[in-house]
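My questions will all concern the structure given below.
Naming follows writing order (A, B, C and D), and every chain is counted from residue 1.
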């Protein structure tokens, strides 16, 4: 059965490694914070100027001066720090953040990503996404395998305006976990009960299936 | 009579204007701080990371963690602030400092300055001087009119390696106050009792004398 | 000690005129210069270019200036959450220059720091890099980005002293420090104005040298855009 | 919370080897990483390239490494006050790259901030600009300067916590914060190491994300180069 958004987040959380600083985008990526594996210390960076982001505040203690990049009220954990936007993107551009998780509208088999603009529609802006994808070595995309019209979001090349080029390293969708390398999507895992055929059908780009593909463990 | 170093500093202090931030170089410029005119508020910037630099500490209160760019123990005045070297030179390059006073080995009539290197001699480095002269709009040089061998330090062009190009706006020497513009030294004031002839003899560059040249008032 | 205090917001905004380019601090509605924005609305200056990470919401923040059609051009990284903005943008009344958030932050810092241009990887290979110089350093491609030149920067700080020294609070810091460095005239409104010498000089976020005018603001609303809470179990 | 604490200076300097490029914080003898320097002397690593604003004095700071001829090249803005330095430089044993202090500071920041290159006015028209690209922006000439790539940065802070968050004191801050941002491995020695959560997150100068190893230093001498005082009248 295909994963729901929460399960996608759960699967991505398995990618977290001890002592990593992680930037989570808005949407599914935000949910990753709820599934940090036991024994793993990670710290979350919010690009509006916060390191060591904690859970939402207890009702009644929310502070208008403490929000995350999604403008949600949050808390700061022990050992956290506050800083300005230039310092925040110094961390990001300078590759001090070990993992970036973000959503996408399209990913191409060469690692290009499009997630900020649909021509003819209102454009809200790229926010920090272009800085994140241009800088990070380790970028996981969290998204549905297909769009609302059932079309694949894993393409030979992106049709939408790009956010970044050749940067995505891994994709976790409702159907599969895939590595992006050598101009192809390498299938690593299937969602429980999802067939290879289903994944092939939903993947427009070059899909490589080598050996047995295990089911994800959640 | 030609001015001594203290008097050069005294004369330069008359150039200070209300609400100016000022960077004083090592040597004669440092002495300027002792002669701030009544009613004038200025703040001194030390490029190692201190704004609102005060006098030397009372004996016994000196702090190894509070020095100026000349590595002397200093104090910080009320309203002062401490910051890192990148921020300090952001102030300087960003032209937030209204006046820079520094010494020189040579100044050319086009405003070039040489004050950091003598070929064949041990070179100690330019420190912050190149940043200061490349950035400031308002640079006063404090120096003797001639060097130890009696040769003019106000030249048609510098013979020593340059610190900065076309940047010096005013010079205060033991003999005179001069403005540097239109590829010439414009004589503004004479030291008390110093003749025009004496200044002419000591100035190798193009010296312009227009009208009566008043004596300095100290 | 150089005194930067002005009596009130009217004095703080003297010299502001139609057609000018401004920087305005804040991220979403967090850390925005509420008093300065109100005064800009009252003054009715028009054809403004506003450099600000976001554009407020319909009835708060820069949304108030949009409502009155005072803004000609926005330079931002993200402008969602604002219907009036969308209407003006789609109708062509409003010019919009969208730039990556980190590039925006660094361009603000560069402006104040006397750096005319720098290279950043953000936007390479995208439409953001169109018409800009690109260049390889150590095998990676970068885009040349330039400083701004705003007439005024409007900044919100938490505490400030009479010498213009500033301390920000929480994530209300965001773009405010770099914008404070960047204004030809930097106007700062603070929640609490104290005497010079009160703040620890070691803990000042922005030294007073960057600030031309400071005043204590009034009636802060500090609206929350997304009130998210944990319900106590 | 990510823990950055190492047991002692020996552990802090693991991986240090001859031929490496280092950054070392400090201005004169103010804010230098005394413990790390002592350990570098003890380790006897050679052929080092040291990026540091100054080169210490004959018998303290980087002067200790010079005495043992461990340094191949200095990258500094000012290297006076050191006879051994002068001897090695004039004899050609020591390579010296002198660069303007503000350029040095900005290059350190650029290194940590992922900016490969930037333009600065400092040094234009002088020998510092020789062989470098120069360029006009808004009628003024600038020089293109590039980031460094140090294997280690050795930093001295006043207080630090177990998460690597740092607070500096007085003018001992100087180059330390930017160098902390710049090291592939940043090693920080602090006068006082406290538990994470003890420091006010709003008052941290350098967030722990930049720091790989932190330890509490010992036996700080904190020598004063120019003891200047006012005699009480």
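Following the convention adopted for this analysis, a residue touches a chain if its C-beta (ideal position, glycine included) is under 8 Å from a C-beta of that chain, and two chains touch if they have at least 3 such contacts.
As the structure is a computational prediction, the values presented were derived from the model and not from experiment.
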Those chains which touch chain B and also touch chain A: C, D
Farthest-lying chain, centroid of Cα atoms versus that of chain D: A
Intercentroid distance (Cα basis), chain D paired with chain A, Å: 36
Centroid distance [mean C-alpha coordinates] between chain C and chain A, Å: 28
Overlap residues in chain C, where contacts from two or more other chains coincide: 106, 109, 113-115, 120-121, 168-170, 202
Multi-partner residues of chain B (each touching 2 or more other chains): 82-83, 86, 89, 92-93, 135
Interchain contacts, given as pairs of chains that touch: A-C, A-D, B-C, B-D, C-D
Footprint of chain B on chain C - complex, ascending: 1-3, 109, 111-115, 161-163, 165, 181, 196-197, 201-202, 204, 207-210
Footprint of chain C on chain B - complex, ascending: 19, 21, 41-43, 45, 51-52, 76-83, 86-87, 89-97, 135
Complex contact set, residues of chain D against chain C: 106, 110, 113-121, 137-138, 140, 142, 146, 167-170, 202-203
Residues of chain B defined as touching chain D within the complex: 46-50, 55-60, 62-68, 70-74, 82-86, 88-89, 92-93, 112, 122-131, 134-135, 161-166
Residue numbers on chain D that touch chain B, as the complex places them: 27-31, 53, 76-81, 86, 89-90, 96, 98, 100-106, 108-109, 120-128, 158, 168-178, 205, 222-232
